[in-house]
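Following this message is one structure expressed as C-alpha cells.
Chain naming follows the written order as A, B and C, and within any one chain the residues start at number 1.
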Amino acid sequence: MADDTAATAAGTMRKAGVGRAVPGSRVLLPLAGIAFACAIWQLTVVVYDLPVIVLPPPWAVATSLSELVRSAAFWRDVGVSLFEFVCGYALGTIAGIAVGALMAESRFFRMTATPVIESLRFIVPFAWIPLTVLWFGTSYTGKILLVAYAVFFVMTVSTARSVMHVDPTLTRVGTMLGMSRIELALRVHLRAAAPAIASAARAAAAVGWIAVVAAEYVGASAGLGVLITNAATSLQTGHVLAGMVVIGLIGAGVSGLIRRLSRSRLDY
Amino acid sequence: MTTQMPGAGSESRATPANPGTTSGGGDLAFEKISHRYVNGSRRTEVLNEVSFNVPAGSVACVVGPSGCGKSTLLALAAGLQPASSGVVRWDGKPVRLGPNPDLGMAFQQPGLFPWMTVRQNVAIGLTTRGRSRAEARRIADDFLLAVGLHDFQDAYPNQLSGGMAQRVGIARALALNPRLLLLDEPFAAVDAFTRLKLQQELKSLLKRYRPTVLFVTHDVSEAILLGDVIVAMSQRPATVQRIIPIEHADRNRASPAYARKLAEALECLGIRSDADGA
Amino acid sequence: MTGRIRAWTLGACGLGAALIGWWLLSLALAGGGGVISRLPPPFAVGAKLIAYARTDLAADLLASLKVFAAGWVAGVILATIAGVMLGRVRTLGRIFLPLVEAIRPVSSIAWVPLSIVWFGFGFTSKMFLVGLAVFLVVIVYAVDGSTRIAPELSRTAAMLGMNAWQRFRNLVLPGVLSEVFIGSRVSLMTGWGTVIVAELVAADAGLGAHLIGVQQSYDVAAVVAAMICFGASGFVMNALFSAVEARLMPWRQPAGQDE
C-alpha cells in the first residue's frame, strides 16, 4: 500500500497529466498532419489532372470558404442549423437523462419501458427523416424533434447504465447517513455517474449534429445541409468541401465546449 | 482541540475531547439470525442461527475466516438488508430497513463521495442529520485531526491512498457520535504502524463515548486490544463458535493472560499454536 | 413470479401500452387536426408490412445487406490497421488523430455529394460511404485497444524478456481485437444507418430507395412499415452479433442480473 506522502504526490501528478511531452508538439504535430494531408491532396489533383468539379485543390476550397464566410446567407444557414441543433439537443438531453435515471432507480419502470425503448432504438434517426418530412414539411419543428430523438436514445441508455454502475458502497453510505431514496438518486447516484453522463453527452452531441445536417439534406429550406446540397447540384464542389469543413469545425467546437464545461466540475 | 466541560443544557456539540450529552449505546441482540444469498440458481447460506448479545456500551469483536458472513452481520445490524430469518434487535426493538439515526458505520471499501473533499465527506453525514454547515465543518475538522488527516482536509479521494481513505471513513462514522458503531475491518488497508496508532486513538474515543460497537476484524490481537468480548465465528454457513470475554489484564501484551487469550481465540479459528508448529 | 417472467410480462405490458397509445393517438388525430395530420393506426401499418413482405422486401433487403456487408468489412479492417499504426507509433498518432477527430463529426450525408461525384451512383459509392462511417467509428476503438495496456502486463512482459514482436502478439493484439470487436458492434448501427442514407440519395435499389419511393407517394403507412423493417433488420443483426460475441468472448457477458 502506498506510503501517504507518495500517494499525495502521485495524486497531484495524475491530475497534472504528466507525460513525456515535447513542448509544442501538441499543436505542431497536428498542424503537420493537416499540412501533410493538404500536400497529398494537392498532389493528387495535379497528378491525376482532376477537373475542379471533381476535386478542387486546397486553395480553391480555401477561397470558397472565405467567400462563404463573407456572405450573409451562409451565416443565416449556420444559424438555422445551430438553432435546430441546440433546441433538439437540450430537449433530448434533459429527457434522456431523466428517463435514464428513472430506469436505473425503478426496476418496475425499467422492465416496462425497456422493450419499447429497445425497439425504437433500432429505428435509426436517419430512418425517421422521410416521415418527419411528411409530417412537418420543411419547418424547424421536424428537425428539432429529430435531433431530440437521436440524442434522447444515446442519453437514456448511457445514463441508465452509468447510474446502475455506481459503486454500491456509495449507496450504502448514503443510506447509513440517512438519505431518502430521492436524495440518494439525486445527490449520490447522479453525481457519481456524472462524468460518464458527460462523456455520453459529448457523443450525443456528435450524433445530434449529424442528424441535423442529414435532415436538412432530405427536406429543408435553409440550413447548412441545404447549402451543401445546393452547391452539389450546381457542381460547386469547392463549396461542398468548404461546407464540410464548416460542419466539422462546428462539430468539434460543440464537443470541445461540452468537454471544457464538464472538465472542471467533473474531474473525479 | 479545545476541552470544554459538558454543562447541563449545553448543546450537544461532540468533539473527541468533549463527549456529547447523548452518550452511551443501547443493547444490540442477534436472535437466531440465518441468512442466505440467492444469485440466479445458486443459494449460498452465509449465516446459520447466529445468536449473541452485545450489551450497551460494550465492544464486540467478530473474528472468523474470510467469507464467513461477518460483513453480513454488520449489514443486518445496520438495517441495510433484511435477514432471511431471525431478528436483530436494537434498544429492544427489531431493526427496520432504512436509515437509523443512532448508527455510524465504516465499510470495508471507504465509500467516499469522489466529488467531495475529505472534509466535505466527513461533514455530509452531519448535515444530513440536521447540523448546521458551520458546525458540521468544525466537528469534521476535529475528527480529521483525531485520525491524523488534518493536512488533507481539502484533498479529494482520488488523491488519497487506500489507508488514508479508510481513515476518512472512520472519521465520518465517529463524527456522527453514534450510539451504535459498526466497523467493517476498518484498519485492514492501513500499514502496521498507523494501525497501532489508530487502535489507541479509537480505544480512547470509545472510552469517552461508550457507544455499542460491533467490530469485524481478522486480526485477533486487535480484537483482544479493543474488544470486551470476542465472537469467534466458524466457516460458512457461519455459527458462533465461542464467545470469549476479555479482561483488562488480557490486553497487556507482555502478560501470559494475553498469550492465553490469543491462543484460545486462534484455536477457535482452527489455528493450533504448538511450540513446534505442525 | 420469478424475476425472468416478471420482466417479460412487464415488458410486454409496456409494449402493449405503447401500441394502444399509438392507436388512440391515430384515432384522435384522424380528424386531420394538428401538425401530425396523418398518423396511420397500427393495423394499417401492419397491412402494408405484410404487403411489402409479399413483394419486394426480400430483394430490397438483400441489396441493402450486400452494400452494408461490403462496406462494413472494409471499414473494420482498414480501421484496425490504421488504429494500430496510429496507436503504436506515437508520432503518427499525434499527427493524424486530431485529423481523424476533426473529420468524424462531418456527417456521412455531407460526403454523399462528394461520393457521387467520385464514384457515381452505384454500388461503389454506397460502399464507400458505409465504409467511411464504419471506419471513423471503429478507429477510435482500435487506437484505444492498442494504446491501453495495463502497466502490470507491460512489466510482466519486460520481466519475461519478451521482444517487440512477442509483446505485440501477446499484449497488443488481443487488446486491439477485443476493442475492435466492441467497436464493430457499435458501428453496426452506424453502418446500417448510413446504408439508408446512401440509398435515400442514390435511390436505385434497397430499403432506402423503397423508403424514399413511398415517401414521395405520400403513403405514410408504407413509410412507417418500411421504417419498421429497417429497425427489425437492425435488431436481428445486432442479436446475431451479440450471440457470436457471447460465444467468442464468454467472459464479457453483459451484466444483466438484478438481485
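The working rule: a contact is a pair of C-beta atoms (placed from the backbone, for glycine too) under 8 Å apart; a residue touches a chain by one contact, two chains touch by 3 or more.
Everything quoted here is computed from the prediction, not taken from an experiment.
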Chain separated most widely from chain B, comparing mean CA positions | C
Hey, which chain is the most central one here, using CA centres?
-> A
Intercentroid distance (Cα basis), chain C paired with chain A, Å | 17
Whole-angstrom distance, CA centroid of chain B to CA centroid of chain C, is 51
Rounded to the nearest whole Å, what is the centre-to-centre distance of chain A and chain B, using the mean of the C-alpha atoms as each centre?
-> 47
Given the complex with chain C, which residues does chain A contribute to the contact?
-> 25-26, 29-30, 32-34, 36-37, 53-55, 107-108, 111-116, 118-120, 122-131, 133-136, 141, 206, 209-210, 213-214, 217-218, 225, 228-229, 231-232, 235, 237, 240-241, 243-244, 247-252, 255
As the complex stands, chain A meets chain B at residues 1-4, 6-8, 11-12, 14-15, 167, 169-170, 172-173, 175-179, 183, 188, 191-192, 194, 265-266, 268
Which of the residues in chain B end up touching chain A in this complex?
-> 75, 78, 80, 98-101, 103-105, 107, 109-111, 113-115, 124-125, 128-129, 152, 155-164, 176, 189-191
Residue ranges of chain C in contact with chain A within the complex | 6-7, 10-15, 17-18, 35-38, 91, 94-99, 101-114, 116-118, 189, 192-194, 196-197, 200-201, 211-212, 214-215, 218, 220, 223-224, 227-228, 230-232, 234-235, 238, 258
